[in-house]
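Written out below as structure tokens is the structure these notes cover.
Going by the order they are written in, the chains are A, B, C and D; count residues from 1 in each one.
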Amino acid sequence: MENKHIQEIINKEFRCLDKGFIRLIEIMGDDSSIVQAARVSYGKGTKSIREDRSLIRYLMRNSHTSPFEMVELKFHIRLPIFVARQWIRHRTANVNEYSGRYSEMTSDFYLPEKNQLRTQSTINKQGRSNDLIDESLTDEVIKSMETSQKNSYNEYIKYINQGIAREIARINLPLSSYTEWYWKIDLHNLFRFLKLRLDVHAQYEIRVYAETIANILKQILPISFEAFEDYMLNSITFSSSELYLLKEVFNNVDLKSISDDENILSKTELNEFIQKVTFINENILNKNKGI
Amino acid sequence: MENKHIQEIINKEFRCLDKGFIRLIEIMGDDSSIVQAARVSYGKGTKSIREDRSLIRYLMRNSHTSPFEMVELKFHIRLPIFVARQWIRHRTANVNEYSGRYSEMTSDFYLPEKNQLRTQSTINKQGRSNDLIDESLTDEVIKSMETSQKNSYNEYIKYINQGIAREIARINLPLSSYTEWYWKIDLHNLFRFLKLRLDVHAQYEIRVYAETIANILKQILPISFEAFEDYMLNSITFSSSELYLLKEVFNNVDLKSISDDENILSKTELNEFIQKVTFINENILNKNKGI
Amino acid sequence: MENKHIQEIINKEFRCLDKGFIRLIEIMGDDSSIVQAARVSYGKGTKSIREDRSLIRYLMRNSHTSPFEMVELKFHIRLPIFVARQWIRHRTANVNEYSGRYSEMTSDFYLPEKNQLRTQSTINKQGRSNDLIDESLTDEVIKSMETSQKNSYNEYIKYINQGIAREIARINLPLSSYTEWYWKIDLHNLFRFLKLRLDVHAQYEIRVYAETIANILKQILPISFEAFEDYMLNSITFSSSELYLLKEVFNNVDLKSISDDENILSKTELNEFIQKVTFINENILNKNKGI
Amino acid sequence: MENKHIQEIINKEFRCLDKGFIRLIEIMGDDSSIVQAARVSYGKGTKSIREDRSLIRYLMRNSHTSPFEMVELKFHIRLPIFVARQWIRHRTANVNEYSGRYSEMTSDFYLPEKNQLRTQSTINKQGRSNDLIDESLTDEVIKSMETSQKNSYNEYIKYINQGIAREIARINLPLSSYTEWYWKIDLHNLFRFLKLRLDVHAQYEIRVYAETIANILKQILPISFEAFEDYMLNSITFSSSELYLLKEVFNNVDLKSISDDENILSKTELNEFIQKVTFINENILNKNKGI
């Protein structure tokens, strides 16, 4: 059954951003390989699917990460260089990238959609906010970006035609240039990648790729992915300091009256704590409404 | 100030188990190195100690692990081989071990204390329980273990004297034989090691070493270690499924009445959930009692 | 064609030593995957088999190791613990080992063959020589080793029956006990493992496993393996100091007259140099004889 | 003694390219740490400096790489992004990079010197040749590159002023933009980095950095660095196929008459072989001339 899903997905190009894509080239193993490897430790053979699911969830819950390393995935990815620069920081992967020294660069550049022209976020010091910049400017900005990309490329081609070696000619190409690579990684480290790059703090453009990978995994490794979502992605951790305040919440849902008399938490942390508790409350309310 | 602590600790032999030890040989960096490296990202220089502490805690809380890799520690460790076998599984370290092929093995073996002769745990399938075995047996068992170790060593020496190469002569030495090594690791991966090996699921004998390292870190990297304790070691994570039940707890501390009608959690997980909530409740009571 | 070979080999148990084995469980990719990944860098598609072979050899010759990381292999291995201790030092692999904490240990131990009861080597300070020990002793030694293994196991079982937790009961089992694991690694790092563990300096018992893996690779990755043999395994490297002496050899094969007047090489290195040159001379003679 | 050298070098800014630098921030260990770690394996203490040198050379010669991992170095580096992209591919390091999401990018860009405006090499498919492009063009090209860099930066600042988030505003900055990072790595992996990046196949701009690091190492780790130069950097390896031809050379230095009748080597490899032999011959001649 899983095999069918895999066959449909293998080699399929999932578009990302304006000119990028992700293709799953090959996969070693599936949900059952994790169980198989874990059972070596227990000296026991395979069991029912129900028990397999329990075991996978148990492993994930208890950070028994080594069995998840027994599944390996290889992707072909096309992505802007500034995204590649963030991506490559994940060292537990194997990579072969297109070389601008061997081959001529293509004329493809990432051009953001207008609704991504957002202002600097004031909360998240790294990222963009939810607010668009002055709408009268967006057309102009996109136009200016596009022109700048075309000019850079024309210069690049001119340098090449003037006989300049490719490795020098390309140094003024923009970070928005598309590159591509083969990328191979095990499932444990891929989950770690997703945890970091699906996060709201990750740059939108890499998140688009992370979400595409998440969607692929959901289909071909349904049990592991569900466990990942439940215990890693959508879980909430309370620090030991927060645990002292949590009892008050247990007795008194009115967050305004939470007292941090003893200054256990810094102001920032107190805010984060309140956000978590609020999220939990709303989350459950949603569920009661039938979700 | 930190320097003073480091000078007192460097090269000091901290005894572990009956014949083992840990010595910190060298350390690169301290708490401030983490801040220094993180600030490269922000393009800013050093700040007040107060702000440094905030930053370290912020990095730890948000899994910004790379700055913690900027501190490196080198230890000299003497440990039984069965502990070494668990330890070496942490691959993100550099190791040089005593070689039983080059050199003769010593006659030191780990002999458990009587109070470690415990029965198999029924809860923790890997480990020992809190119950001692039949007390009338303990003397005999210890005696028998010791004799067996001596016999093995005598045979080893006999083989050596018969001219057998060391690498073969040693194959029947017991897993309780002591070995030693130099072990070098960065702080991020050391915290990961500690998280796994301070845990109640880790075997007692490796936990003794992990606790010794934890005590060293507490003194020479006080801010990072405190952050590690707060956000990693003593934190509690609720899975997304558990979050649905948590609201009930927010309104009703009586755990018995928690209903998992919708079967969100398996029986095991429901138990784990109740344990967490109970722990939080008791934890706070303790605090009120002055802790 | 390669596929056929793979089908015959997958899951087959290759016996190693007296009670061990290696089984290839799964492989991701084959010789062509290396080419495919390398061609991403060149921005070119597939070519003829002849050109593929050239490319693989070019990559190997020039230490372009990353494309070899694109092939991944997963093995199931049964091996004595003292071999496992050497093996696990290769950190660039994924491992799941049988747990003596979860499960009872088996009664299988490695017992060397008589012809492995060799004396300590005087040349290779780590290993055994080619000389057997006093032949009158071999029967006795084997017998004594076997008895010792049985006694250890009986004691282990006694401890278990006395209710002692498995993780303690096992501490006096010998290093010759068999364990098993799943082991997954990429081809580049597997070649590195083989380079080190096929070497004459590696302990005989791990070499047996390395040779078994080499035989598997020869069949399923024939082009890469041939390149590995040619450029890594059977190549000879001359240090820059040796290169100064090599010219004399170019003119004068009589090794005895090689002069190291300037003391470029230490005595040990001079010997190594002469060995290399002798080997090359003999090697070619062999070839002339038709090999 | 070594300490004095280290003190002079620590924190000193070594300029690289037009606006870059390398600073050694911290070092853990020195030549003697390698010996110290290796001696754990042999179960022996320290020896004379002479013996230390021999041991280090022995370790290097025999790929006993683990003791070299016991020395750790931390650098502060300023480098163009296209160099950083090659550099970061070395995964066995710890990195903290300046963030264009947190902070504004500087207006510094790498502008090649005129004598680096070379044509595409026809031998080395990746790199530049030794030939300058048409000299009448160089001024124009440099001018055009500089203008293009200024324009990109002005646009970047305009976007920032229009309120666009930094992480988007920067996407059209060129690959020649300077970035900086802290980079920490052990000596074994640093030697591997140098082996690859001092090589003539590496791009000139990263080679400049590699040479700067090499010069630093030569001063603070003189024995290890000498061993690295002798056995890794300046050594020559002959493949097993080449060894068959080497005997002919042993008897007949006239390279023109070397016959590869049996087609052991491809045409490319035969050329490489002849180059090696020629190099060795010339090398020795040089030595006779007093080098």
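Please note the rule applied: a contact is a pair of C-beta atoms (placed from the backbone, for glycine too) under 8 Å apart; a residue touches a chain by one contact, two chains touch by 3 or more.
None of the values given here were measured: they were computed from a predicted structure.
K.L.:
Taking each chain's centre as the mean of its CA atoms, which one is most distant from chain C?
P.N.:
A
K.L.:
Averaged over CA atoms, how far is the centre of chain C from the centre of chain D? Could you give it in whole Å?
P.N.:
Here chain C and chain D have centroids separated by 30 Å.
K.L.:
If you average the CA atoms of chain A and of chain C, how many Å lie between those two points?
P.N.:
38
K.L.:
Spell out, as numbers or ranges, the residues of chain D touching 2 or more other chains.
P.N.:
Each of 66, 89, 95, 99, 102 in chain D touches at least two other chains.
K.L.:
Chain contact graph: line, ring, star, complete or other?
P.N.:
Shape = complete; every chain linked to every other.
K.L.:
Note which residues of chain C are touching chain D in the complex, please.
P.N.:
54, 57-58, 61-63, 66, 89, 195-196, 201, 229-231, 233-244, 246-247, 249-251, 253, 266, 268-269, 272, 277, 280-281, 283-285, 287
K.L.:
Help me check something: in the complex, which residues belonging to chain A touch chain D?
P.N.:
Interface residues on the chain A side: 80-82, 84-85, 88-89, 91-92, 95, 99, 101-102, 110, 112, 116-121, 125-129, 133-134, 137, 141, 144-145, 148-149, 151-152, 155, 158-159, 162-168, 170-177, 203.
K.L.:
For the complex, which residues does chain A have touching chain C?
P.N.:
Listed in rising order, the residues are 26-29, 33, 36-38, 40-44, 66-67, 69-70, 72, 74, 76, 94-99, 102-104, 180-182, 184, 186.
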